[in-house]
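What follows is chain A paired twice: with chain B in the first complex and chain C in the second.
Right after this comes the complex of A and B.
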């Protein structure tokens, strides 16, 4: 069973709807009305995928709002049960908001089917029309759940830290349903979209248009052209070793073009509305070491993981830094899939990062000398490119085909 | 006027103090990577004779927030 959603469709819907949304958004200077327009548009676009998703995310963000406003406050009034409920929510809110994502990652299609059936049934309680609409939609994975979970956790953790306080319901919903990023990221922070009272100047608007155009070209021209040439072969042993390597190295480039293209569209679409959200990629293929690679690839995820996993796990303490590196890489790895292969991916990149950290510290303490070959930029780039490329099959090839693939890559099993 | 906190950040991050402000963060200063952040925590604790909790370290995502956190511990910065 394949419940994947054609990701192109959302962006074409967004593009087609953008003129209406721009008109709605800029027809008022009231931040409140702008938030309303954007939130309603986010829900409308999501309802094209399936109305059940709108219901689910609405409940999800209402809970986030409740936790944000109520759970971390010391006030409890006279009712002890309310104080108790608040304490419970504050302590378990991380688990609560991560739970749907974890269940989906663990149970996969089973979760998707239950999610679809229950979502559909719940909709019937509200509106027969919506129920009918939802029935007509495909069974799809809970699209955008990863990015939504990370955005929600970020907001809750910042609330706990006292960095963000007293948001209104419409501000939380605006953050939750912000159309450019709600389905395919990047993982924005609330601060990125906190101000809705400014308009883009001509330069920013043009920049937004160019980024959207560039993003579409990357995804629909460059990546689409490359894909058939670099896709992992079904029978790797039938191909010459050099062809397999060429395809593998090309796959990394394809992945970058495809993923960064979507991010470009999100960054560009946000700019059209006057928001400068953070970049998600910074020339990752050109980096000279594994640490810089992770600081430049899917940066919204790595920065999220640094803030919310690496630091609390003790990354800024000498005695726990290596443990924190492994914890962080494991979260990033298992975010893709909860499989043994992704576990190995996490161990592999954790090992590379820890090794690089160890060498960096040793070098910082050593006297100036001749630069070793592996630290020269060209060699570093090549090694980093290679190190990243060889780990990609762990994520993108079915586990049953991994051993034959790696064997074929090494010229064995022919 | 000299700013003890900015000077400390400049020294650990090996950048000119003039490049730094309260808005400086790992997102806008490449030198402020995770290794440098670890050295920063150690340097702050040593210079101001304090011990930072995990929650306080998590709060210090800009120089300004670091200043606010230290002020919250009655440290004059």
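Right after this comes the complex of A and C.
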């Protein structure tokens, strides 16, 4: 059974539809109509993955809107009986909106099967034709669920903190179904797309075109041709050690090209419509230490984690900073999968980050002298590249194959 | 980006003219790249099975967006039979399945029929254009039928699938035929809502681009070709690869999933054989038991009805035969009943349109059916056609005679 859905198909649809959507979007100056065009297009494009997803996300964002309006608005805050309930509701809604993602991460394909069957059944209440078409689509994971969850949580937390107030339904749906980032790309914040009254901007449009083209070249030329060469081998012990290492180091490059390529397409597609969303990558392969690496890899996730985990956990206080680092890295790690291997991945990167922070502080206090070789930029880049590469199998190899793989990498088990 | 302004390469200051220029350059490079890229030959399944017969396979492999061979033109001097087929027209060796079978293990029903038409009925000057796709479902059949009508053949032959042509479990299969849909649906407003729901923007773009943007339309085959060259040069790096990424080990295919969840409350044991794989016969019988065939308002039934309507309206002679099935289907009361309903429905259709050019074969006679060898445990797909090919050849011959299609013979 096909559980895979290639994000390529979504982005290809988005770009093929972009001329129509651009005409629709810029043919009116009314932000409300623009939001409507964009939201409807987001739903339309998602329906080609599976109509059940449209229904699910519609219900999801309606709930987000309900929580946003009913509990956290300024008027709500002034009512004493509601004020006491705000904290409870904030916590409850965070759990509620994170629940589908958590269930998916815990139960994996079991959740996907039930999600698909129930989603399809619900769809039959609205349209039998869509219900039938939905059955013909793949049994896929709820695509874009993690990105959606983070966006929704961000909105709820910001509403709770009073940073965002009184959004209308169409504004929340526009944020939820914003087509360039529905399935892949940076995790946007509401502020990134809050204004829809801009005029078309030639410079931004051309910039968008270039980013989209560059992104496609990264994904479909560089990464696509690299993949068969760097894919993790099924029988690692059969390969020479140096080949295994070459493949592992290559896999990191492939991963960067693929992920950042899709992010480029998402950033570029947003720019076509006049939105400048945040970048997701900043040359992570070129960074000289692990801290800079995490500040430049999947930046929208690390920024999200910094705002919502690192800072609340006391990252800026000396006595709690290391705990905050571990908590943040654990969230990032378990975002991939809720598995022991990802837990180890979190510990590993948390350890690296904490170690680097400790060394940096110790170095800052020490007298200046000759820079040792291992602290020179080239060595730092090489070490960071290596440190990141060796952790990738923890995420991308099935757990049962991890030990044989690492053993083969060290030349053992042959 | 700096000061809210995006940074363009080489300090370029963009205006709308610049945007237009950039778009034109993109288009230019796409066209040039299309010219420079290798031009891989279309991979046409069943070519070997059709060798030495007047059968011409027309459909490429599923992920080739060219989909239908445009190089094959109709010969006005020859009788043109266009045969649309799902897996029921493909005969796989008993020890293989549709995934593992190679060209040597595969035969096709039209090749048997073509030989019968030549040897027993003396028909010589004819071609059978074979439009086959494994897993062709009602909406796909509708699209292929409209494509067939565009080519204006002398006779159209197509099987009716009693399980899925009238039920909701799988209204469409592969993505590739959708590329034909915009062209096929364009002058039929009644199909536009369906088109809007199934034809994705990229399907539309590929249709529009056609041969003009070869690098996009042939991206799949071009990539395979380049990859093949690259892989052979770096074989050490690809040695020992797992090939495909690990997939969830489920005994179900898509149809099996829906049947398991809709009819069996998730109990897959009632549709899987001893080997843990879904049994085609069990799946089909569950579909029959569900009573869903002939679901009047289903998209599948509507598509099948439209196929018949468009064929009738075209005036092109057409023969639609119900695919033969093994005895176990007739021994089970529920499936025998469902098959009976379909038979009665098709008979009623024949009676209602007696003077039309479409003839339906509601059921293959039992004496013919029993000569057929079906795949063991499957009873749906054929391994040896027995007298079935001769039966079909006779029906086709009758149609040819009825419409005096042998005009080219008489010349």
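Structural remarks
Note that the second predicted complex is superposed on the first by the 394 of 414 C-alpha atoms of A that agree within 3 Å, B and C clash if a C-alpha of one lies under 4 Å from a C-alpha of the other, contacts with A are read in each partner's own complex, and residues count from 1 in each chain.
Operating definition for what follows: a contact is a pair of C-beta atoms (placed from the backbone, for glycine too) under 8 Å apart; a residue touches a chain by one contact, two chains touch by 3 or more.
The model shown is predicted, which means the values in this text are computed figures rather than measured ones.
After alignment on the shared chain A, the placement of chain B and chain C results in a side-by-side fit free of clashes. Angle at the C-alpha centre of chain A formed with the centres of chain B and chain C, after superposition on chain A: 160°, rounded to the nearest 10.
By the touch criterion defined above, A:316 reaches chain B but does not reach chain C. A count of residues in chain A touched by chain B and by chain C gives the higher number to C. Of the two partner chains placed by superposition, only chain B is touched by A:278; chain C is not.
Contact with chain C, but none with chain B, is seen for A:398 once the two complexes are overlaid on the shared chain. By the touch criterion defined above, A:161 reaches chain B but does not reach chain C. In the superposed model, A:239 makes contact with chain C only, not with chain B.
Contacts of A:303 after superposition: chain B is touched, whereas chain C is not reached.
Distance between chain B and chain C in the overlay is 10 Å (nearest C-alpha pair, rounded to whole angstrom). Within the complex, the chain A residues that touch chain B are 157, 160-163, 278, 291, 295, 303, 306-307, 310-312, 314-318, 321, 357, 360-361.
For chain B in complex with chain A, the residues that touch the partner chain are 26-27, 33-35, 37-38, 40-42, 54-55, 57-59, 61, 65.
Only residues 1, 4-9, 12-16, 18-19, 22-23, 26, 137, 139, 168-173, 197-198, 200-202, 204-205, 219, 223, 226-227, 230-231, 234, 236-243, 245-248, 250, 252-254, 256-258, 261-262, 266, 297-300 of chain C touch chain A when the two sit together in their complex.
Those residues of chain A lying in contact with chain C across their complex are 1-4, 9, 12-14, 16-17, 20, 45, 47-48, 108-109, 113, 116-117, 120, 128-133, 135-136, 138-139, 202-207, 209-210, 213, 220, 224-225, 228-236, 238-240, 243, 246-247, 250, 271, 276, 398.
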